[in-house]
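Notes for the one structure printed next.
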Amino acid sequence: MSALELIQLNLLSPVILCFLLGIAATLVRSDMRFPEQLYHGLSIYLLLAIGLKGGVAMVSNPSPGMIKVLLAAVLISACIPLWLYPLLRKLGKFSSADSAAVAAHYGSVSVVTFLAGIAFLQALDVPFEGFLPAVVAVMEVPGIIVALLLVQRKNPAASSWLGSIKTVLTGKSVFLLLGGLLIGVLSGPQGMEKVAGFFVVPFQGVLCLFLLEMGMVASRRFDDLRKTGPFLLVFAILVPVLHAVLAIWLGAHLGLSRGGAFILGILASSASYIAAPATVRLALPQASPALYLTSSLAITFPFNLTVGIPLYFAISAWFFS
Amino acid sequence: MSALELIQLNLLSPVILCFLLGIAATLVRSDMRFPEQLYHGLSIYLLLAIGLKGGVAMVSNPSPGMIKVLLAAVLISACIPLWLYPLLRKLGKFSSADSAAVAAHYGSVSVVTFLAGIAFLQALDVPFEGFLPAVVAVMEVPGIIVALLLVQRKNPAASSWLGSIKTVLTGKSVFLLLGGLLIGVLSGPQGMEKVAGFFVVPFQGVLCLFLLEMGMVASRRFDDLRKTGPFLLVFAILVPVLHAVLAIWLGAHLGLSRGGAFILGILASSASYIAAPATVRLALPQASPALYLTSSLAITFPFNLTVGIPLYFAISAWFFS
Amino acid sequence: MSALELIQLNLLSPVILCFLLGIAATLVRSDMRFPEQLYHGLSIYLLLAIGLKGGVAMVSNPSPGMIKVLLAAVLISACIPLWLYPLLRKLGKFSSADSAAVAAHYGSVSVVTFLAGIAFLQALDVPFEGFLPAVVAVMEVPGIIVALLLVQRKNPAASSWLGSIKTVLTGKSVFLLLGGLLIGVLSGPQGMEKVAGFFVVPFQGVLCLFLLEMGMVASRRFDDLRKTGPFLLVFAILVPVLHAVLAIWLGAHLGLSRGGAFILGILASSASYIAAPATVRLALPQASPALYLTSSLAITFPFNLTVGIPLYFAISAWFFS
Amino acid sequence: MKLITMKRVTIVAEALLADRLQEDVVRLGASGYTCTDADGKGSRGVRASEWEGKNIKIECVVQPDVAQRILKKLADVYFEHFAVIAYCHDVEVVRGEKYS
Amino acid sequence: MKLITMKRVTIVAEALLADRLQEDVVRLGASGYTCTDADGKGSRGVRASEWEGKNIKIECVVQPDVAQRILKKLADVYFEHFAVIAYCHDVEVVRGEKYS
Amino acid sequence: MKLITMKRVTIVAEALLADRLQEDVVRLGASGYTCTDADGKGSRGVRASEWEGKNIKIECVVQPDVAQRILKKLADVYFEHFAVIAYCHDVEVVRGEKYS
């Protein structure tokens, strides 16, 4: 399939259409409100379910090279802020705090983009490694820590070093992904069989509902786009594409399957909008949330979901042929 | 099947039994509380799911005459207040505001009654048109607007005209029904396949849970029945039956299937208890919620769910034989 | 299978692994929060679903001797406090109020332990009687009432007798279990078929999610273990084992199947941590929640889930061979 | 705009007491009350049903003598064994007659 | 630490009015507001959408004259037909300039 | 019924600060606090995690000097970069010793 056909396939999938419907809800000022606790409940479900499935896949189809890939993933995360920080400082003329803050977001990952990538692979029947949820988990934290190291914090309100690290490490996404993986590995396919009716069968539909809300959340930030200027817009689209290509290339060299390398690309490309904002807000209070949240949530996230995913998959063909 | 057999079939379905259990919960003063956010979450699910299924049905089994039926549905809604308002003024001796308020509720529709009607048809394996969710969506608003036009509003607290129309149009039910339809049409049967495990398989069960709560909500209003007098009781039972018969007859003439005409009857017959109360409360604050909510929620809604649905289906046989 | 194999089978089931993951969440101080309304929603679902399934089983495979078993179950509940109260007074040196409070908890039952027992039987394909949810319902209340009768209440803040009884009787678990049973009996297997996609297929998975939260709740009480002393620890493990053995023996004599007798054992063995604490707190405010909640929630509940269930099942072999 | 001075009583208590306290304040003369869910930490930290809803906060606007009676009742009946705090202060209301 | 005296206005109303009341207080001069969900019972007990959210409580810290205007507006427009109560009292704030 | 005058401090802040502010008030001498979820709008309108819980409101009843210290700490540390407001007023409590 050509990139265009892939984009069309992606845009017409229920998952992405629900995301667009959420955006539409904000645009037409619908009074629909997504219950906050439902959002939290669905996110617990999605994290645990994807972990579980990964764990079961790991025992039923063990893929070699997991450790190598995990190390590479940590390295990718840690290096991203190292080049983004000077880029934002110099080219973007951002303050030191703002540069570190934005860099932290791109060093971390977006779990929802990952889930949409997995759904895309499943629609195409492309296989991928079972241990990928572990890759998500290890990529969430390093980039944030490295970015925070790049800037001096003398604000009395800033959280302590230890505090910041604790915040990211005890976050629920890392915990549930790894916990799910472990449960999947321990209980195996027979265990999975009993709970597949809850954790597998409705999964894609639940993801739809979740993306409906994410569409609303992302589009509520669209207004800020006017304030943040053109540099950030270009940054938040080109940088993800670049990261995706590099990571897919690296994944291919590490021996990942095409599906796996594609997902590594998605992860490198994606920007965090849950773990990173919470940590950065407390560690760098002087950085402007309007900058880092707008770029990660209102530009990169919708771009990746709609165009990025099929584009990166088309690109991955270059390295696997 | 005779009307009596149909009533029995309906009363013994899990959906209606759950509704009755909800009523029982209030009567025995159980301390069961239905979490408010769960209620909202389930309603989002039900609206989106029924829209989706309708949309997919529209592309896989296109039924002709949709536009004609939609126009007729708008007309039905708009006309209902026109005759109910004088009826309530003259026969019921209601104030002008109260008459308009009650008329607005019967001019609009109850989505839950619609869902119960669909579940009833599915239990009997009776087919119906895929575009029916669109019919629900277009019938929600016109009756409310017409009813509000009938009464002069000079209260300083009353919401403006524009405000009222905005409130009903941006309501979540219209938005989700139409959004679901659109997603269904765009993603088609292959898209649906991926999410059927969430939007189709558990649908009827979710409806049960939802009706458990609706039973509690409706029965909490039973106390008000003593205050509102016998006229409203007779009104809230006879008028729905009349509307149902007329709409089924009209549906038959418009070329709808028996199932479709039956659903049109259900819709005409049903009274709103979500969109209408919220709009009317703000537009006609001097009207008594005890009157309009008691009639729509504590009389018409339970009557339609338990007796109306099978009765109207039996009646629909007259026009299709 | 040996007791050890059964323990291993149980510990590696997703349901129990999720419970352990919940405990781990507290231990590593994860910031994961389980939405409160989700907890309530899941509990409504689980109670209704287990009732429903029992009701359908009652009509499709009627098991004889239900009345006899229900009477025995009431008797077991009522007698438990009669011997625990003096035990706690004399051996434990607890105050009169504290003794009655703890006795009330062990006289009542834990629905979640029951559900885990059912899941365990299903994993082993062991059949059980359909009316067991009714047994749960009748065992919830008597032990609490008897225990409260044992101690004089002269505190002005204590709730009245009638108040206490009302509280336990109108509790949602009794209501939903019996309501679900009734709906199951009335709508039968055909009714069930329509809602199985919601009430049967995802059941075990939902139970997993619920136990994740229960693990967090139970483990938040672990700190209190140091304060409550070794007597309570021994008490909260030995007494449940004793109750289980006696109840299984009794169940065998009442003609229950091995599965049914095992569940009766689970119920006798389990301690309430929902109905009993709420009632006891209001009726005996001077009793220390740290004592009764720690023993029931932080000791007996995790013990039964992890070790008790397979142990009691192994023991049940003695009486059925 | 004539404002009348009344007392606002605030009660924070474990959620289990909600129904009882609401009945109490009405019985002691409050014309109404407003109740919100709350979390909290105090010197006792004892609660019977951790995950069944935490604390509640009841606020009522009442005549001074009613405020006195409510505070006294709380001190007499609930303070010893339950997690409850209460306090009051003056507020100015429109249409004072609504509250008596 | 210099503290400045301002007025805190508290409004409890049926949830349906949330948007309107929030707009009103800002239009009448409040620099912001804080809004919480609440339950309650009053002398009227009338509400149009029982299960669609119950009451809301809006609190805003404002200059005395703004408080007067808010209370007057509520009395004039909402008190007759809607379930609304409102009252105010003095509070001491840090950095009074934030509120005007 | 002897009543003692104390200060009630009210803090409204973005939810992310909940843990820190709760620790702060206890460290500065509050014997406890009550915390509710809230929504709100202010002059800044900046928040980092829109859908992860909005604002929180912390209320604590404390001795006047503790109130001073809490307000000072907030002004010194949080006011510049975070969405935080705080104010206090007198309340009358039963059993004043509980709060010190």
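So that you can tell them apart, the chains are marked A, B, C, D, E and F in the order they are listed, and the count of residues begins at 1 in each.
In this text, a contact is a pair of C-beta atoms (placed from the backbone, for glycine too) under 8 Å apart; a residue touches a chain by one contact, two chains touch by 3 or more.
Computed from a predicted model, the values in this text were never measured in an experiment.
Asker: Please find the path from subunit B to subunit C through touching chains that uses the fewest steps, and give that number.
Answerer: 1
Asker: Could you run down the chains that neighbour subunit B and subunit D together?
Answerer: Output, common partners of subunit B and subunit D: C, E.
Asker: Taking each chain's centre as the mean of its Cα atoms, which chain lies farthest from subunit D?
Answerer: A
Asker: State the chain with the largest centre-to-centre distance from subunit F, centres being mean CA positions.
Answerer: Centre of mass proxy via C-alpha means gives B as farthest from subunit F.
Asker: When the centre of a chain is set as the mean of its C-alpha atoms, what distance in Å lies between subunit A and subunit E?
Answerer: 41
Asker: Go ahead and note the Å separation of the Cα centroids belonging to subunit D and subunit E.
Answerer: Once rounded, the distance between the two centres reads 20 Å.
Asker: Which positions in subunit F touch two or more other chains at once?
Answerer: Residues 36-37, 89 of subunit F touch two or more partner chains.
Asker: Using the touch rule from the top of the page, what residues of subunit A touch 2 or more other chains?
Answerer: If we look for residues of subunit A contacting two or more partner chains, we find 35-38, 201-202.
Asker: What are all the touching pairs of chains?
Answerer: Once each pair is checked, the touching ones are A-B, A-C, A-F, B-C, B-E, C-D, D-E, D-F, E-F.
Asker: Sort out for me which residues of subunit B touch subunit E in the complex.
Answerer: 36, 39, 155-157, 159, 213, 217, 220-221, 274, 277-278, 280-282, 285-286, 288-290, 293
Asker: In the complex of these two chains, what residues of subunit C are touching subunit B?
Answerer: Those in contact with subunit B are residues 35-38, 40-41, 44-45, 48, 52, 167, 170-172, 175-176, 179, 182-183, 186-188, 191-192, 194-199, 201-202.
Asker: Subunit F touches which residues of subunit D in the complex?
Answerer: Per the stated touch rule, the residues are 10, 12, 36-43, 55, 57, 68, 71-72, 74-75, 79, 85-89.
Asker: Show which residues of subunit D lie in contact with subunit E when the two form their complex.
Answerer: The touching residues are 1, 3, 6, 8, 22, 26, 31-37, 61, 89-95, 98.
Asker: Using the touch definition from the top, list the residues of subunit B that touch subunit C in their complex.
Answerer: Contacts found on subunit B: 12-15, 17-18, 21, 24-25, 28-38, 119, 122-123, 200-206, 208-209, 212.
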